[in-house]
Amino acid sequence: MVKKILKIENLKTYFYTWAGIVKAVDGVNIDVNEGETLGLVGESGSGKSVTALSIIRIVPSPGKIVEGKIIYKGENLVEKKEKTLQDIRGKEIAYIFQDPATSLNPVFTIANQLVEVILRHQKISKKEALEKAIELFRLVEIPDPEIKIWNYPHQLSGGMKQRMAIARALASQPNLLIADEPTTNLDVTIQAQILELMKNLKKKLGMSMILITHDMGVVADTADRITVLYAGRVCETADTKTIFYNPKHPYTQALLTAVPSLALKTEKLNVIPGSIPNLIKPPKGCRFHPRCEYAQQICTKKIPELTEIEPGHKVACLRATEINLKSPLGGSNN
Amino acid sequence: MFNKQVGLIHAVDGVSFSINKGETFGLVGESGCGKTTTARAILYIDPPTSGKINFEGKDIVSIFKSKNKEEKLKLRRKIQYVFQNPYASLDPRMTVSDIIIEPLIIHKLVPKKFCYQRLYELLKLVGLEEYHAERYPHEFSGGQRQRICIARALAVEPTLLIADEPVASLDVSVRAQILNLLTELQQKFKTTFLYISHDLSTVRHICHRVAVMYMGRIVEVAKTEDLFEEPLHPYTKALISSIPIPDPLAKKTRIILTGEVPSPINPPVGCRFEARCTYDKDQNCVKNVPKLVDVGNGHFVACEKTKK
Amino acid sequence: MSRYIIRRLLYLIPLFLGILIIVFAATRIAGDPVRLMTALNPHISEQSRINLAHYYGLDQPIYTQFFMYLSQMMAGDLGNSYAIRGGIEVTTLIGDYIGPTMQLQILAMSLALAIAIPVGIISAKKRYSKLDMTVTTTSLLGTCIPVFYMGIIAIIVFSYILGWFPPGSYITQISDTRNYFLGNPTLDILWHMAVPTGVLTFAILAPIVLLVRSSMLEVLKQDYILAARASGLSERVVIYKHALRNALIPVVTYAGIYFGGMLAGAPITETVFNWPGLGRLFVQATTKLDFPVIMGITVVITIMTLIANLITDITYGYIDPRIRME
């Protein structure tokens, strides 16, 4: 039996805005096994970032966790006090943000920001912390670490900034690393460098990882398992191969076919009609039904439960077993 | 009338390429490679320091430098631009009808009483409804806004449409809609497209020919299939191999480039890719600027080490 | 950083000269100084006028006059007053009046910053709470009500109704020490300062509170704040180290502009409180068309403004490395 490092049960995080309650995360269930990389895939407004921020309980106001459990190593983080959470953040669970240009404080040197985080969780002297920071810079393969560490963020390129952000996240050797679109704002050749680096570091440090992305290409290469989110709910969870070769949720399948890819040259892209729903008044029943080509009367009324249709493969679609979806990669080759 | 050759550009740093009438030409490269600057030079937003931009047999630069207002206005009409960010490129205080009718009036294309008729035609063309006309940009989603931008550009019947990363800021599920729309419109009106993007997979999907830029220079130009099937320049090879393939079982022969793009303030003297190149380099690469050479079948490459 | 400061300093020289030229020209456009000087004496002869003009060098071409003024200024001589205290030296006059002005303004500004920054931060942290509502409403009021109005109300309340503080002036006028507040001249001055300082502090503080609050709210939305929280840093470090430094940038701009303009605003405050400062001197000089004094005060104001600008720039450079490196 694989040990679960993190188990999220029926998480609901709502934002109380003037316009109404935005149900950004509305009953999400996610498991992360020890040592694996879970890909959390979805478009904007799918709730993937809010889910991640909920895990370490830093959802910005006016957002609030209204229901659910977040069980990390057997303890429910939803019930923990702020003080305890501060000890967990950065030490047990670390976070990398999407945009390295904005996730580093522009007015402090990198040394300052790194040393601060190291001293927060480790009882060592300032000098030792600085040595450790330089060591971390070597780990993330930044050239001339002794010089670069005295720079301000704006003096570094995007790729270097993201390496620095990774170094900060790894400062206290976390057990779980949450990376929120870590390469979206980077150029492809730099993206390749950073993904390779993260894969190697994960292996080296034996961490578990949640990789949040909208890019099916990125998860195909990096994730062991994938959870697909749509409009604040989980559509499908399975191992990476199954998601790509044997998707059971129409949205997963649509995501795979709507994206132009180098591997598949198609005349016309498959289009998902419409756009992402407004989460103040989300569609009733299955949230994907207005855009789903397989939707029937029942889909507009009944909320589909996330059900296991084969070991390790869970789908939230009322018609999952009736419809025969085809992966653009060809059939299942189990 | 239309030449076979629509544009010949010398911009950024000795950039030359030509776009054929009715084709979709892709300009690819990473941030800071000069692809947007090139587009802005064609539009004369950032006038080029030197060089010629030939459009329909006339030099854009000399027209804009002259005092011929009529010719300038004509050029402004014939070359249209769709920006990356549909949120920032629509005036939030104008309704869709104002946005689309404005260029019709400026360029005196349609008599006033037929403006609305033309507006509805355009809206239908880009997949919007008549009732959308009196709404404001903030009432639309990103994809719909990009449709409005496209309608505004098409309103004046341009012969060249420059689309700068038109889908980069859109959600993946909406991207396909816009890409399909662009392809459809291209086939329908035979408009020439200059499609600028860092995203090779969309480029492959909609372009006929592609030019790859690196640090202000073009390193390779070829027909789309040729470029993707048989890239010749080491940078193009690395670029293509860097793209994550959405297939967990795909064979990965990823070329990971070391280092980063050098500073454009002090660019390398010879080949600008030399420091990161995976080929066997020699003094020639360091000293000499490689020329863009035709290696056959309209495939050009600027690399001393690539001989076909 | 030192190169940055030197660059800023060099940039001040042409600015200073430019302002001087404009002001000098403006005082000359206002009319013939000799006629203005002698306006109250209808019996003066034409010859005396010519003599006077010659004495003050006013018969020279205007650019010669300007260079004379400039060279005298370099030597620390701003000329003599036409009308105040029998033609006293302007430098002495300014020397007498600048102290009270600076005391009042610097104390008010320091108090305002010391109160406004923490209040603004707390208000931003507890957005939409009752406390925040009270703070923002009060600050808005403070921003809307003009200083002189606030001053008059304060005098009525604290001097006439409650009788706690004197209604104005700098120190108890009688030199008998027993008449000083608690028998001590320093305490007496502070006692006189209380109401004007309070009013001025409130007037300065109100817009700064609103500014700190809104810029703090903006900064708290930034990713680096989330990132700081995600690293396990305590809320205090997140707010007072990571957020505050960034939130202060617009505040420094405002304080700089205010400090530059502070002397220009002083006439009203000082007249209301009968405060013997540069502002009131300026009002006196203007009513008597005493150009050397007006000019002298303007030079001082210009220098102060430029110094305030310099300090703002240096503070900017200290707070935000991106500005320093440009």
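Going by the order they are written in, the chains are A, B and C; count residues from 1 in each one.
Keep this in mind: contacts are C-beta pairs under 8 Å (C-beta built on N, C-alpha and C of every residue); 3 or more make two chains touch, one makes a residue touch a chain.
Please read these numbers as outputs of a predicted model, since none were measured by experiment.
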item: Chain located farthest away, centre of chain B as origin (C-alpha); value: C
item: Dominant chain pairing [most C-beta pairs in contact]; value: A-B
item: Length of the line joining the C-alpha centres of chain B and chain C, rounded to whole Å; value: 55
item: Gap in Å, rounded to a whole number, between the CA centres of chain B and chain A; value: 32
item: Centre-of-Cα separation between chain C and chain A, whole angstrom; value: 53
item: Touching residues (chain side chain B, partner chain A) in the complex; value: 30-31, 141-144, 171-177, 179-180, 183, 198, 200-202, 204-205, 228, 238-250, 252, 254, 256-257, 260-261
item: Sites on chain A touched by chain C in the complex; value: 53, 56, 58, 60-61, 82, 86-91, 94-95, 97-99, 102-109, 116-117, 120-121, 152, 154-155, 165, 168-169, 171
item: List of chain A residues in touch with chain B within their complex; value: 43-44, 157-160, 187-193, 195-196, 214-218, 220-221, 240-241, 244-245, 254-256, 258-263, 265-266, 268-273, 275-276, 291, 329
item: Touching residues on chain C, where the partner in the complex is chain A; value: 127, 220-224, 226-235, 237, 241-242, 245-246, 319-322, 325
